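In what comes next, chain A is part of two complexes: it sits with chain B in the first one and with chain C in the second one.
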Partner chain A sequence: MRSALSALELLEPRSLSHALALLRDAAPVVPLAGGTDVYVLLNAGTPSGTRYLNLQRLDGLRGIARRNGVISIGALTTFAEIRRSALLARRLPSLVAAAREVGAVQVQNRATIGGNVANGSPAGDSLPVLAASDAVVVLRSADGVRRVPFDGFYTGYRQTVMRPDELIVAFEVPPVPGRQWFRKVGTRAAQTISKVVLAAVRAPEPRVAFGSVAPTVVRARRTESVLASGGTLNEAAAALMTEIAPIDDLRSTAEYRRRVAANLLRQFWTETA
Partner chain B sequence: MRFRLNGKQVDVEAPAMKRLLDVLREDCGLTGTKEGCGEGECGACTVLLDGQAVNACLVPFGQVRRRAVKTIEGLGGRHPLQAAFVAEGGTQCGACTPGMIMAAVALPKDATPDQIREGLAGNICRCTGYEGIYRAIAKARQAEGGPPRTVGRGSRSTAGKPGRRQRTKSSKRRTGR
Partner chain C sequence: MPTVGRSLPRRDGRDKVTGAAKYIDDLALPGMLHGRTIRSSIPCGRIRSVSLLSDPAGFTVVDYRNIPGRNVVALIGDDQPCLAEHVVRHVAEPILLLAHADRERLLAADVDVQYEPSEPLFDPLRSPKVFKSIAMRKGDVDAGFAEADEIVEGEYRVGHQEHAYIEPNGVIAVPADGGVTVYGSLQCPYYVQKALRAVLDLPADRVRVVQAETGGGFGGKEEYPSIVAAHACLLALESGRPVKLVYDRAEDMLATTKRHPGVIRTRTGVTRDGRLTAIDVDVVLDGGAYMTLSPVVLSRGVIHATGPYRCDNVRVRGRVVMTNTPPNGAFRGFGAPQTQFASEVHMERVAERLGMDPVRLREINALRPGDTTATGQVLGRDVSALAVLRDAVERTDFKRRRRELRGTGRGLGLALFFHGAGFTGAGEMKLASKASLELTERGARVLASSADIGQGSRTVHAQIVAEALGLPFDAIEIARADTAVVPDSGPTVASRTSMIVGGLLRRCADDMKQALGGLTPKEYLKRRGPLVVTRQYEPPTSAAFDEETYTGDAYGTYAWACDVAEVELDPVTYEIRPVRITAVQEVGKALNPVLAAGQIEGGTAQGVGYALLEEVVMRDGRMANAQLTNYAVPTTMDTPRIDVVIHERPYRHGPYGAKGLGELPLDGVAPAIANAVRHLGIDVRAIPMTPERVMEAETGERKKVGSKK
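Right, the complex of A and B next:
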């Protein structure tokens, strides 16, 4: 295992344009940010490739700033940095709440939001928040910039519209109208209970996004329109059941996840009333 | 490759994708940093990278270039936390202890009992039941002139059982992956 790691190559781009040129010309190349997903795979003996691209020194991919009313969050921003951001605490508190839930301190100090999204696990804690806040994924390649609405970023389980020659450089989040709500239901000790994540916004046009209940993060549009048109909570929960597709796995059953998802929806709606 | 190791500038030849954990143990001869799980769950390999606690089993050596790494050896053996862990039964088999102490070193000076628990939630101990560890940290903080806080049971209902909390934290990632 260790000698196998020593044989892997780490490319050191001098700049973003150099990194993008390497992605185009030296393919296949795997971007490496905080490594908290990449190294778990390497340590398990199932590497994602033999050539890696060190993103750490691309300072243009860092930082949280507000430009023309839109918050831009660099792809290399760590969850620890998100937790410390006064701007996010004011404008996007649900992302701060999500960051707090990612692993432990050691992971938060390394794990980046870009890696969380690119990795694309449906259990990624930042995903429902980005979905509920109508975030835009900013992709760059040697050819130029593409802006993809977060809701259209995933096409299937761990499948995205991102091309192999592209990097996520940032997320852009427009002002979120209304009250933000976030809750993650995690595992309990010694129980095979898994987690469901809900990020939501209470507004005349409510927004509801669930994690861990389908192959991708789910923006529950039908549920939202039931709530927007004054439907009852039961009607909204019924709509939700048509929009999620949880699975049975080691940690919990699909039925359990459906119940938790409906309960979270109720909790969101009553707490923000 | 140049970086700072325990306060000294060093130049170490090792492959860039080798884990920092292995470079420390094999190339630098610093075996105080332990390997438990090798997947970010247990915290035994915790070191400080530019002052922040990280899992050395998940850090590529190439990413420490020109940065500062601090390991348990860098505390010199007489750090108040080291003395307190011995005095308070914060260590038994010792496998978790270097990582536990490095995570404690990284805690803010004014950390509350809840923040101490949260800051150590990524460090698993199979021996002590955690109470000795929390006592040791409280004692070391007093010795260093910090607020005389006890980090005992029941400071918050969800954190009342350290063992459970540890397992909760460490197992939650597996779902859906």
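Right, the complex of A and C next:
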């Protein structure tokens, strides 16, 4: 049942520094960007908090740019903007492919990449791409800036290294060498939450990152080593099984996720040969 | 220019497309309160205490003790309480009602219910409580099996299905002059009136039920709105103010009826040359916690369980049982999709056993004019099983395409099926529906309780009347389905709205035309005064059905169809993607061809969901995926190209030959897809055929093949 909205408080920061001050002083506060995850919980009557910090006016956190060879994506950049970005289409096509699979077009118009990462669902569509592309998460607090490698960002199911006073402001993606590959497997052909998702890079040092098969997104380093050292696909799939820990849930089964993860790995490797 | 047979635009189309149409949640009345239902959180147990923890100021609170009449949802068994008293039998059973002027305060209200839980029953096969059992017999099955060269057995399972109408359930109840008026999203105004009379202990003239614009029903608004309306009325009478009670999606999915899940076991005897000698079917449906319409769902399921085939020796036993899950109820097809999934997948397996072409096996056994059905009904001339089968096979180049596809990762399958139109057996006679036509200055006004729930009945009824009166389509008005204005034309269910109610209107129009005697409506009104003609249902002369022995004329007539599905298996994800479905359907007469094709496309899409995607995940008696995010109905991307082919073989008692059409298209999609999956070498006997289930079947098959070698 829907939550009573009158019990909720919305803080309206005028600037990034104001927002960071509120995060520091008014805790606990839930940052609110596109709202596509927050509103689902409100509608279900299980809100994530009673005090929200509206980030919508912080225009400095929007946009995609290249600086010194690194692509910087503002945390408030929507998936619709990512879909339309010519720069990303050239440099990070996997992220464009992932953006296209997020919810429906209406959701893509609202949902932000920062929100997708902050929400921390292991089924987040953009997460495997950021993991496979060695992205860096840029965190700001009233005390300053901190850069965390994406692969070390999550510590458990919806747990991150972020402090309560920190805000994700951007992602920095260094050049990705090799051919990018992405596939999401959901419960239907569109408007779906993933059951298994793979973002991978075919290069002398291949990269493999899976979503929805463990409490966090998984960068499958052992699988990558097997592939890099010329191991067979069966050996790589066997390594992968030691790196993922899928569960039975509403959308699928652990067994299905294991098999399909292995199949996706084979499909990636065969198609990029 | 004739009106019937033309694709005239829908009467409701413009308002819906422009957003002008008003649904229940768009309406507000002065002084209106909002209602909320407090429901059980456990599947089975005793209620120890119920307490409102919030400040009660401004709240109207109602429990079973506030019911002035009988605490039942009056339907068939009268076993379901309107509000639980001391015991709950399913999750989401209504216990307490609250109303408040401020929706926010209402949502924030905290109610504590303490229970003494008891052991719930979830497995229908182990349920000792039977709501209804039916035994249907024809000939001698033992003799039939003795005559058989091969006997094929199988068990088939079908799951729940959620209606997922676009507008959830909702009503507004208004207290008025010692009675109530209810505006609601509903299919059957007179069902609601009957239920309200029992709960409120009011005479019919004090209970007025008006259908509001309704955003889809599919059977989900056949019996359930009686509960929503009763709750709103109790709050309205207690507070003396109008009360709006609208479910949100989660509540609607959690609490309201679904399609009955079932287990169907089939045993068939067949000769080497493909003649069916015996069919023995055992049907078990899961009714959920209360009886609702389960006996009639079972009845239709049993009658359709042999498929559209001739066989001299038939036994079908069916039972619908109680479990501690939310009650299941009416859903487009009403038992027939369940049993015909089994019958058509089973036919495919019979063909495999014989090494016979599946089309040939169906041709040999398909019902023909003059044949008798499993109930012993002698079929008239409007039997089209062979015609739809042959046309579907020809259009899809079925046999060549099957060979072509071998080894390509695609499969092709078909299903031949039928659907009896109107109420089962003596049902229409008992209903004795009425419809009226009132002369107006410009033409006539239709007075019928049929609810346009998106299927287009307003348009089609106006077409029938315009045609019979020889007046333009625009000269015919349709009165709102309002019990204070229209007679009881029976419920808007069972594919009966065009065929039965349309038939009554056709007769009213014929009478009116005769009464006019060449005068224009305006002239008639001026010279002779007002004119209203009414017709009541009369059964076709010879029709008779014995409910004890399950023999006789089960339906006035049947519509016939053959679906051909081509599917593709994704070997990486085990997803079955339907590529194309050809739906050849014989409907008597397409009164409005675009609307008829729309029914067929929509029913086919809903069948694709039933076949492949829609899985209600029940955990401890609770629908765990009660969100449209996790209960996956097909999007346009999941729905293949559908080639609709309409055949017309007029039914002599239907208006302009029309038969019932609404439900037929859903019946055959799942078995056609399952048979296409079989063609790929994957043996799936349960729906939905989710990728997880296909993976199990596929890898299991491989192991089996491997072990043989």
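In the analysis below, the second predicted complex is superposed on the first by the 263 of 273 C-alpha atoms of A that agree within 3 Å, B and C clash if a C-alpha of one lies under 4 Å from a C-alpha of the other, contacts with A are read in each partner's own complex, and residues count from 1 in each chain.
Here is the rule we go by: a residue touches a chain if its C-beta (ideal position, glycine included) is under 8 Å from a C-beta of that chain, and two chains touch if they have at least 3 such contacts.
Since the model is a prediction, treat every value here as computed from it, not as a measurement.
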item: Chain B versus chain C as contact partner of A:44, first or second or both or neither; value: both
item: Chain B versus chain C as contact partner of A:133, first or second or both or neither; value: neither
item: Residue contacts with chain A in the superposition, chain B compared against chain C; value: B
item: Which superposed partner A:250 touches (first chain B, second chain C, both, neither); value: both
item: Contacts of A:5 with chain B and chain C, given as first, second, both or neither; value: both
item: Which superposed partner A:77 touches (first chain B, second chain C, both, neither); value: neither
item: Partner chain in contact with A:264 - chain B first, chain C second, else both or neither; value: second
item: Residues on chain A lying within both footprints (that of chain B and that of chain C); value: 2, 5-7, 40, 43-44, 187-190, 250-252
item: Touch list for chain B against partner chain A, complex; value: 14-19, 22, 38-40, 43, 46, 49, 52-55, 57-60, 62-63, 103, 106, 118-119, 121-123, 163-164, 167-177
item: Footprint of chain B on chain A - complex, ascending; value: 2, 5-10, 12, 32, 34-36, 39-40, 42-44, 52, 54, 56, 80, 103-107, 109-110, 121-123, 186-190, 194-195, 212, 247, 249-252
item: Footprint of chain C on chain A - complex, ascending; value: 1-7, 40, 43-45, 185, 187-193, 250-253, 255-256, 259-260, 263-264, 266-267
item: Residues of chain C that touch chain A when the two form their complex; value: 36, 104-105, 107-108, 248, 250-251, 571-575, 577, 613, 617, 624-625, 627, 629-630, 632, 634-638, 691-692, 695, 699
